[in-house]
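The following blocks contain the structures, represented as structure tokens.
Below, chain A partners chain B and then partners chain C, in two separate complexes.
Showing the complex of A and B:
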């Protein structure tokens, strides 16, 4: 089973050279260089140049590099994609305000063109659609399956509530359905699914609570906006002692049963079938990755 | 002649005399008893019953002190950037027509940067200090002093006074509070700065000691940090300084994410080093990453229920918080890092004021730093031999201070340097530092945000820290990694002219400050 950990994706404003320089030292699984909301209009081109050059020349180590470009409806979009792909060391583009599968297709078309132009292997750059409108939520599954390049989808809580005409609250009941809908779409498409940011960087307890919730409903990771948020999120995503013990027992019982040629295998009185074994194996794989 | 680090040191320098080359951190200390040098005899001072010490003006007291052209005058820098006194005294000396004086201050801060004007007009001939900042540092690095400056560590300064290598003719001691007989402390009055640790040595060994206060209190002034029998005259002036400018933000912890990564790794390295445990002693600087290391270490201590014996050094409000949390039993304070420390020094018996001699002098029968377990220090630059520079900046100007860096590195069982691997575009980890303040032989671990390097001399640490999930790297690999990011910026260029000598704590010469070539 091949799993790439994507528990945290650290937002770095694309116009902040100091932060871009040190993006890989905080232990996040992925970094997300942002050209969209954290960059003022007057600095869009400068940020694009900076990010592209940083990705090209700065030897980032052991980290997934992704870039959030400006929305498909903006004049920056095409240049963002072109210049960022020309930087060559990119793993994925996050597409904000993805409303329809056609948005993904348009981006895919442009990516492919740029891959060709830059001699990059076709299909190597992934797409992370960001769903942050009511329409996007309703189209979640078709967005998640719009291209083979889509290997994760994400939810943007702030824009989504704005689009819904309601306020984003700390307890976030208002986006629970959207979160669940997006998780289900991702699970059906067998891709990763990342949660929205927790904006109060001084409230570690609140961050942990929210992360526990989103882990429970099926998210595989969470976007973070400050290096201090990385550790708490990783801790929540770390398999618990109880989960590890359970996983080891299930795998042992399953292997033992197979050796005996049993058709129905049980562990501590509960039947274990392949999906249960798969979940147990995943826990052990994550544990190995974290060693 | 070349010293042990391969640096050319002249045998004799006009105006400074004979120089001894550095031969290793403990070489001279081991052999000094054979040199048969003695503690300097101090001029006998006497006092008749009823003699009045309180003098009504600076001019008058300077006249009474017997100060002559060419003499050496000393100051302390406990008020750091808030010190008003030194410049005020210099202005008076200039007005009185003094020439060719030697300034011997425990350090010089940005408050003293205009001292160069007194070099230019001939009032000052030599400068002996721990640090140089601002325009004065540039002036020195531009080679404008006829006689090179001498940079000493705090312990080294105490040594030089006690051995008579530097004879103080008149000590000017800024006293936050004094009585009419000259019992001084730094814990009362509007300019309270805390410890008077550096001034204690001056008061004891100077030919004449003048206390200058802005807070004259009823006799007797207690607690007594410097006793009346070491004070010849007292003058009251309006204000000796501004204690709000002592601290450099050291009471608040840094939020800089890079510093926090460094600090967390440093605390983990200390945890596994073999020196973490009940009764450990600890010193840290007041810089961002240094203080943050104390924070992470304190959290670990609390979790593991470890209580340290003492914290030492510059004591900051943060260290007092750790004491209050029960993590250290005592605090030794040679200089207080912020105004917030003052009330603790006044009211807490476990907070002990110590002199620079007691703190770090290598030539006494036991400075506290000889017993220190762990010290965490900063660096401007560190090279692949672990030599550290905390004085000369990337432009080649002297803009820092030796302080207690080399003293504590030599004394402590574990010396941890915390520094980002580069700042802006300038690498911190380099092939060769601009100027060596602390020899690599006394440095054990470098912690950066891109990895931890252990001095290959410390096989025990290499063993203790392996397989602990720490990002250990060879220092040469770390250097290469930094080079990949910053490339090799053009470094400052120097001429052959020597502008200053770095005197090691034992009185030998470690390195030089060269004249910077300014071309744009």
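Showing the complex of A and C:
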């Protein structure tokens, strides 16, 4: 079972060298260097040059590096992709405002061209479509399966509610259906799914409540905008003592039953079938990854 | 490569630097750093190398450094020089 933890993805503004140079010290599972919303139009070129240099020369360790480029409809998009890929140490590109599978195909075409030009193994850079329009939500599964490079999809709550013509509230009932729709698309496509940011960095309790909710729905991780948000999110995604105990009991009972050649295996009076064992194994795998 | 207009890039924030350039008769570099004289020399060296690589011999450069790493200095130099060689309609 191959699992890569992506519980948190920390946004770092692309034109902030102080933050970029220490991006890997905060303990996030992955970092997202942003060339889009956090960078004013007049500084797009500066952020692009800075992020490309950081990825090339700053030896980030044990962390997934993703860059959010500008949307496909902007004049910055092509230069963002070209320059960032030339930096050669990139793992994934997040594509904001992905509305259709064709958007993913256009990005894929450009990535492949840039990989060839820079001597990078074809297919090594992944795509994380960001779904943040009503059209994108409706096309979620087609987007999630538009390319083999798509190994995670993500929801953008602020832009989505803006597109819907409504306000994003703290309790976020207004995006519950969209969240569920995107999770289901990701599960069907067998890829990760990352939640939108929680914008109030001083409300840790609110962040924890929201993270519990999105974990329950099926999200595999959450974007964070401040290093202070990393630990609370990780704690929610950490298997509980009860879950760990349960997982070990299930795996032991299953293995014991197999050794005895039993057709039907039970643990504490409850039948264990392959999906239950798979869930137990996933909990143990997460524990192993965290050691 | 010719610098045809004034340009600037960066900020006065910690770990960053502010670079200003304008066309000139020769190369003139002014560096002011909050770190040390040694760092000033290092920045000046990086600037000279970048100018040589781009074949630029007529530019005035003023830098205010707030403790930027070399890779930040190089990135900011690239941006500001690109801004200085472009016409408005190329920006």
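The rule is simple: the second predicted complex is superposed on the first by the 291 of 291 C-alpha atoms of A that agree within 3 Å, B and C clash if a C-alpha of one lies under 4 Å from a C-alpha of the other, contacts with A are read in each partner's own complex, and residues count from 1 in each chain.
Convention: a contact is a pair of C-beta atoms (placed from the backbone, for glycine too) under 8 Å apart; a residue touches a chain by one contact, two chains touch by 3 or more.
Quick caveat, the model's predicted, so the values are computed rather than measured.
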For A:59, using the defined touch cut-off, is the partner it touches chain B, chain C, both, or neither? Pick first, second, both or neither. first
For A:46, using the defined touch cut-off, is the partner it touches chain B, chain C, both, or neither? Pick first, second, both or neither. second
So, does A:21 touch the first partner chain B, the second partner chain C, both, or neither? both
When the two structures are overlaid on chain A, which partner does A:227 contact: first (chain B), second (chain C), both, or neither? first
First, second, both or neither for A:262, with chain B first and chain C second: neither
Is chain A touched at more residues by chain B or by chain C? C
Figure out whether A:116 sits in contact with chain B (first) or chain C (second), or with both, or with neither. neither
Interface residues of chain A shared by chain B and chain C, listed 21, 58
Quick one: which bits of chain A touch chain B in the complex? Just the residue numbers, please. 21-22, 25-26, 58-59, 226-228
Which of the residues in chain A come into contact with chain C in the complex? 16-18, 21, 45-46, 49-50, 52-54, 56-58
Touching residues of chain C toward chain A in the complex: what are they? 9-10, 13-16, 68-69, 71-72, 74-76, 78-79, 82-83
Residues of chain B touching chain A in their complex? 257-258, 260-261, 449-450, 484-485
